[in-house]
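Each chain carries a letter (A, B and C) given by its place in the written order, and its residues are counted from 1.
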């Protein structure tokens, strides 16, 4: 599904991501972990088109997509959530989810103004689908609410609902559990597991190690922009270099 | 997961019929209004309100709904007014053809402008639109040979399919029709997927792009739409007034339009109608203050923006909602 | 050659006024993020009040001093009554508020001093000085010299005084400034008073050369905004550089291209700058984290 080769991004002399390579097979759930500043969100931003790479290649099902704009990647089935919530707070909760389905609806301005036949019916159907998604992510109670009246935990799940509305083939979750309490994190865990069962390819960045270990099949560790290690959650957990990166060199022996 | 999805459909057909009611009532009121107005002077006031309201709705789509800024929108209004004046007055084009050509030309200009400046944001975009507006009005003032210079030029009557449109009564129907059309079309747009994309862009351009909204294309399209609407109104206005002056495209007129949108209510179609009505009537009502009109107008503006920052219409509807709950 | 020099002199003179206006914009922008569309009216107030007092018989120095103090006081009142209550409002709302303020000020002058033009007597006579084949009014020398002194004083103020440093701190990071004890609301009032005074000084200096009237502020304000944008909004050095650059470009356009389109020159230049380097000559480029 996704092949990243020697991906590098420098910001004025500092390499935020350096020569990173990995593969994500279709239907897998991968996690990217690493200390703060390791380059995880930059990596996401590179793959989802927010930044253009300085060098390297990104292949989506064989097609080279490095440097394409986020809109183009969305058209190719890529969807994502953001570490610092990016929601249209001027919209209602359900409209935020509906916008996820943008590419599947007729978004011509002229058709909209003229109230083209079928547009209203298709929109009603999109609204029903959005309501179902809200329920699926556990935000069913907010179906009539404005986004700006929702609590933080619900907003995080709202973003996931929006990402799902696009019916993505490849879903990027950037710290989905950040700022959530124990119960909420468990709900996210269940959600990710269910998505995996439905065949969505998922790559997530997370700091919550328990979530990462429980949910992912494969883990990639970044440190200072470079790939430090990769493997199954167990392998990575026991890798001395990974332990050193997180806890300091002295703990590596323990 | 936690709760089951609610079973009731989210938009009943009864609800969507209710959406049409205000527009129909308004249209009915517009039909009745001329019977209530004593003379042509009042009709003229009503016409000016209608024109400003249509302009405000068009501008609101750009600044209220999509979150862009334009401090030079009057330029599109004025340029097309002159375009029609020149094509009909100097080149003897039929007025309806001149209207279409002029509005199309201004729309094309808006397209070029949009492609170039819409990548800017915030006060940079404000400055760019302001600059373009001022350049347009200076050009209109200085190209005396073509435009008659600061004194302006006269505009022949409008006629379509052989029928001449003359006088307040006839023009009232034209402008009432364009206003209702603007309300309906804008209302349709806002509720459509395109409208949602525009509003989503306002909230978070990053998020909208991530779900596939082509930000620059959408911003360009709404800019051109808004400009073309202003252009059409400009041409019609020129024929109605019989005269065009460079002031039609100048900064004060652009400011007046933005003020109507912001005071009436951003992202509110009825707010724009309200804002246009209030700000068009204000000079008439304030004339009694003889010399103090500018002070009074400015003070009202400041007070409204401090106490009702979202504009009158949204604040009003929020207040009514609170009363209801 | 002498025409070129003439254009240069004229350009630097008017550029000094733009520089003071641009400084006013930048200071307020730094303190509050507000683009003050009433800045032009502060310029106009300086010239008008001074002319009014001088016509009443006050000695020039007194009229000038009173005008500057009056303008500063008006700036303070504007900050307290119109800007502070609207803290946190959207950009467009704040723009409309400052436009409303400009209308109140303009209307106020129209009512108290009429619509006619007013002039200040030149500070040291009006016998032109001949320099390298070009003539220069003594008033122009006053304009340039005073502006230099004012800019130097401002630089000292921002770098040496607590208040000045407080303003800079607020500009960089409002919350951090509040946390270290800077009274940010006082900063807002001070910025408006300071910017009004700066604008007024500019207006007074140029009044003997160009007649001032109740609506002289509109174009001056817009061009001050353009100058600030060209130099880089928020940068003091940029404001001065932008003002002088704008004055020169305008003057050269009038002299060599077309005096009718002189006003348009400012806006053409700003468009070019915005497209090529929006942060202006000395502004900092900004980026946001996603």
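We take it that a contact is a pair of C-beta atoms (placed from the backbone, for glycine too) under 8 Å apart; a residue touches a chain by one contact, two chains touch by 3 or more.
For clarity, every value in this text was computed on a predicted model and none was experimentally measured.
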Steps in the shortest chain-to-chain touch route ending at chain B and beginning at chain A: 1
Per-chain CA centroid nearest to the all-protein CA mean: B
Geometric centre distance via CA averages, chain B-chain A, whole Å: 40
Euclidean distance of C-alpha centroids - chain A vs chain C, Å: 49
Approximate Å spacing (C-alpha centroids) for the pair chain B, chain C: 32
In chain C, residues with contacts to at least two other chains: 290
Where chain A touches two or more other chains, by residue: 50, 82, 86
Shared-contact residues (touching 2 or more other chains) in chain B: 206
Contact footprint of chain C on chain B as seen in their complex: 63, 69, 71, 116-117, 120, 122-124, 126-128, 130-132, 134-135, 138-139, 142, 206, 251, 255, 258-259, 262-263, 266, 291-302, 305-306, 309
Complex contact set, residues of chain A against chain B: 48, 50, 69-71, 74-75, 79-80, 82, 86-91, 94-96, 98-100, 102-103, 105-109, 111-115, 119-120, 123-124, 126-128, 131-132, 134-138, 140-141, 143, 162-163, 165-166, 187, 190-191
Touching residues (chain side chain B, partner chain A) in the complex: 1-6, 9-11, 16, 185-186, 188-189, 191-197, 199-204, 206-215, 221-222, 225, 267
Sites on chain C touched by chain B in the complex: 35, 81-82, 85-86, 89-93, 95-97, 99-108, 110-111, 218, 222, 225-226, 229, 233, 260-261, 263-264, 266-268, 270-271, 274-275, 278, 290
